[in-house]
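Take a look at the structures below.
In what comes next, chain A is part of two complexes: it sits with chain B in the first one and with chain C in the second one.
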Partner chain A sequence: MTREEIIAEINSIFVEQFELDPAELTAEKKIFDDLGLDSLDIVDLMIGLQRKFGIPLRQNEEIRKIVTLGDVYEFFVKLAKERPEFAANLKK
Partner chain B sequence: MTMAQWRPTPLIYTSMLLWTVGYCAVMLLPFCVASLLPEEARGRFSRWVILQYGRVMVYRAVWPFVRVKFEDGAAGETRPGIYVFNHRSASDPFLVATLNIPVIQAVNGWPMRLPFFGFFARRGGYIDTTKLSYEEARDRMGRMLERGVSVAAFPEGTRSGSRRMNQFRSGVFKAARELGAVIYPCCIVGNEELPDRRFRFRCGRIRVRLLPPLAPEEVRSFGNAFLLKNHIRSRIQREIERMEGIASDE
Partner chain C sequence: MEKRRVVVTGAGVVSALGGSRAELFEALLAGRCAVRRMPEWCAELPGVPLAAPVELDPEIAKRINRKFRRSMGPAALFASLAALQAAEESGLDAELLGSGRTGCAVSSTMGSSSSIVEATALLLSGRREEMPATQFFKCASHSSAFNVANLLGINGVQLSPCSACASGLQSVGAAMEQIQLGKQDVMLAGGSDEATPAVAGSFEQLFALAGGDVEPERASRPFDADRRGLVCGEGAGILVLEEYGHAVRRGAPLLLELTGYATNCSGVHVSQSDAASIERCLKLALADAGLEPAGIDYVSAHATATVAGDREEAAALRNVFGGGVPVSSLKGHLGHTLGASGAIELAAVCEMARRGVVVPTLNLERVGAECAGLDLPVAPREKRIGAFAKCCIAFGGVNAVLIGKKLS
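For the complex of A and B:
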């Protein structure tokens, strides 16, 4: 799965879960200041993804470092490299 | 110099100080007696003392320089719930007293550390969201709601100091969904400079408007806390614009 495909999948999850405008979803957008998502929203997102993909995400320390949407993309790109089953599930 | 430009800051602080001293003198004995009561009764009494002090400050100490008007649009709903306010100024926590109901506030740390106010806030069972996990804060809110005590929150977290409204944090909305609580959106307008960021006052009018609440079923109908908080934020924003004459009445 390419980086672009992962980003597209992540964006679709954001649109579905938070009803955000797809045009708003660019890497430089700050999660809280620009999109209004705080750590609890991210935890909700992670719990949803965890249920969906069966991969433990909530305890991942990297989540705490997320500031921009670009950080979210990087998090999942890295996860897809480390856990091939995640990338496979993301495609479904 | 016009009335709008005049800064009665020393007069207001002198008045607040005198009213505070007078209020403390009146309440000293009852407060000492109440200290002997069991914890729950002590907390209830402390909340009443805080509420009455807030009302003295809002309706007496700053009058006639600052006039405060409360507008009840809750459509007869009286259940304890979570009151969500916009947050422009340091006067906002005092303005919660206009609700005139048993209430605690969920605060972000510093009010609990204030020498005088912090003591009463701790006694009254105020919730310091910076010291508790989300689950602990939610459970405390739940216990207060069960006792008939509402929770006031400023989900912007920090005061905007202007007419701009900051993004909302999700904590109280997530808690409201999980607790099945009523949410009362509330608007405060006119106090962005009462006081300003340097704690100076002008003369002015403040309006606090309680909007029709969201019943627990409606609160739970939102897919997650993010969608709920954005809905409430939009409602407050629209009403503020209406109150300030930015948007025309629908």
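For the complex of A and C:
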């Protein structure tokens, strides 16, 4: 899975689940302050990412440090590099 | 202490016969029926069940921002759309809604029954971690109340007296009392509910559901000799209640005045209606309004078309009013909208009073012997409706009666 594919999958969650305009989705955007998500949305974002990438995230300490959309991208790009089996989990 | 006067200054409706009070009323007057077969329910309720569903355009739902919509099951969504209509008609602005002097009382039989079923399915299938963060907020019994409050920025009293099919009318009654006692100046009040296989199946289990090979449009037959049970409906009715002087000073529309309210219970049986307690409730409400039975021009009955329920209500109405007051039920048109019924039907009464016409009971062709002795119109009847009574009767032995009048 390429970096672009990972970003596209993540963006699709923000568009479908949080009804955001794709044009708003740039890496520097802060998830709370700029994209308007709140604590409830973060739970649903986690569920969406788990479903999309097929990996458990609730207990992951690293994902809790995420601030920007770019942080979400990098979290999964790094995961794809470290765990090649992760790419196979991608649920289209 | 003298009670403050309470008027209705807005009334919104989401129903299976239209997404506004005016649309609903035109459909009622035209004798339209929303009941249809529900093949989509066949997995849970074999035998092609019937219901009167709200066919809501998803684009209408999207008028509510996702941030508010995400915690709404269908019942809360219906309530919110109806509340927006009511607030707009009444001319409530953000300052008044957020003044602490505006509250809301909205309730349903339970929280969103479809959301409760979804949550249960996730839990039972070991997929608890997939449960959306907002699922609880759809399932909670006061979901419609807090979603309406949150959407409109209401920060006064919030109530949700859940009492099955009396929920909506109990909410209006409780809201009325808040204003009468001076605790609030404005209350958005009403009920909402959704028709689901889980709810319909519960009635079916008690032999209280109409169905079988009956023609859908003729299935719900309040007071009729051939009535066989209710048909589940859904929707919401929300009214803006307001202290009279407050409404006049603001130049708000004065749709009705609410003059009396009572609620009681039978303490006799959890499912069976009871004529004696209904009669007592009617008399308590009339006394609260300072009216004799002869002062009532129209009764909007609960009458869901169950064999025993209509019999008991008819007996109570006969004992109180005799045969001199027109009585009708809207369940033939809309099915039984459960916790929403009291408020939706009250909104319809607003229009009946305004236009001076009684909407008849649909599908009433041959009055059941146990329901005889009442004045049961079968065609629209022109009549000046000064004062009216609205009845709701619910599982748990609960009764509620609201008395109101058209402002002269």
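Convention: the second predicted complex is superposed on the first by the 84 of 92 C-alpha atoms of A that agree within 3 Å, B and C clash if a C-alpha of one lies under 4 Å from a C-alpha of the other, contacts with A are read in each partner's own complex, and residues count from 1 in each chain.
One rule holds in what follows: contacts are C-beta pairs under 8 Å (C-beta built on N, C-alpha and C of every residue); 3 or more make two chains touch, one makes a residue touch a chain.
Computed from a prediction, not measured in an experiment: that's the story for all the values here.
Put chain B and chain C next to each other and count what each touches on chain A; the higher total goes to C. By the document's definition of touching, of the two partners only chain B reaches A:D33; chain C does not. In the superposition on chain A, A:R51 makes contact with chain C only, while chain B stays out of contact range. Applying the stated touch rule to the two superposed structures, the overlap between the chain B and chain C interfaces on chain A comprises residues 18-19, 36, 38, 40-41, 44. Across the complex, chain A is touched by residues 66-67, 70-71, 129-134 of chain C. For chain A in complex with chain C, the touching residues are 18-19, 36, 38-44, 47, 50-51, 56, 58.
Across the interface of their complex, chain A is touched by residues 134, 167-171, 174, 223-227, 229-230 of chain B.
Across the complex, chain A meets chain B through its residues 17-19, 32-33, 36-38, 40-41, 44.
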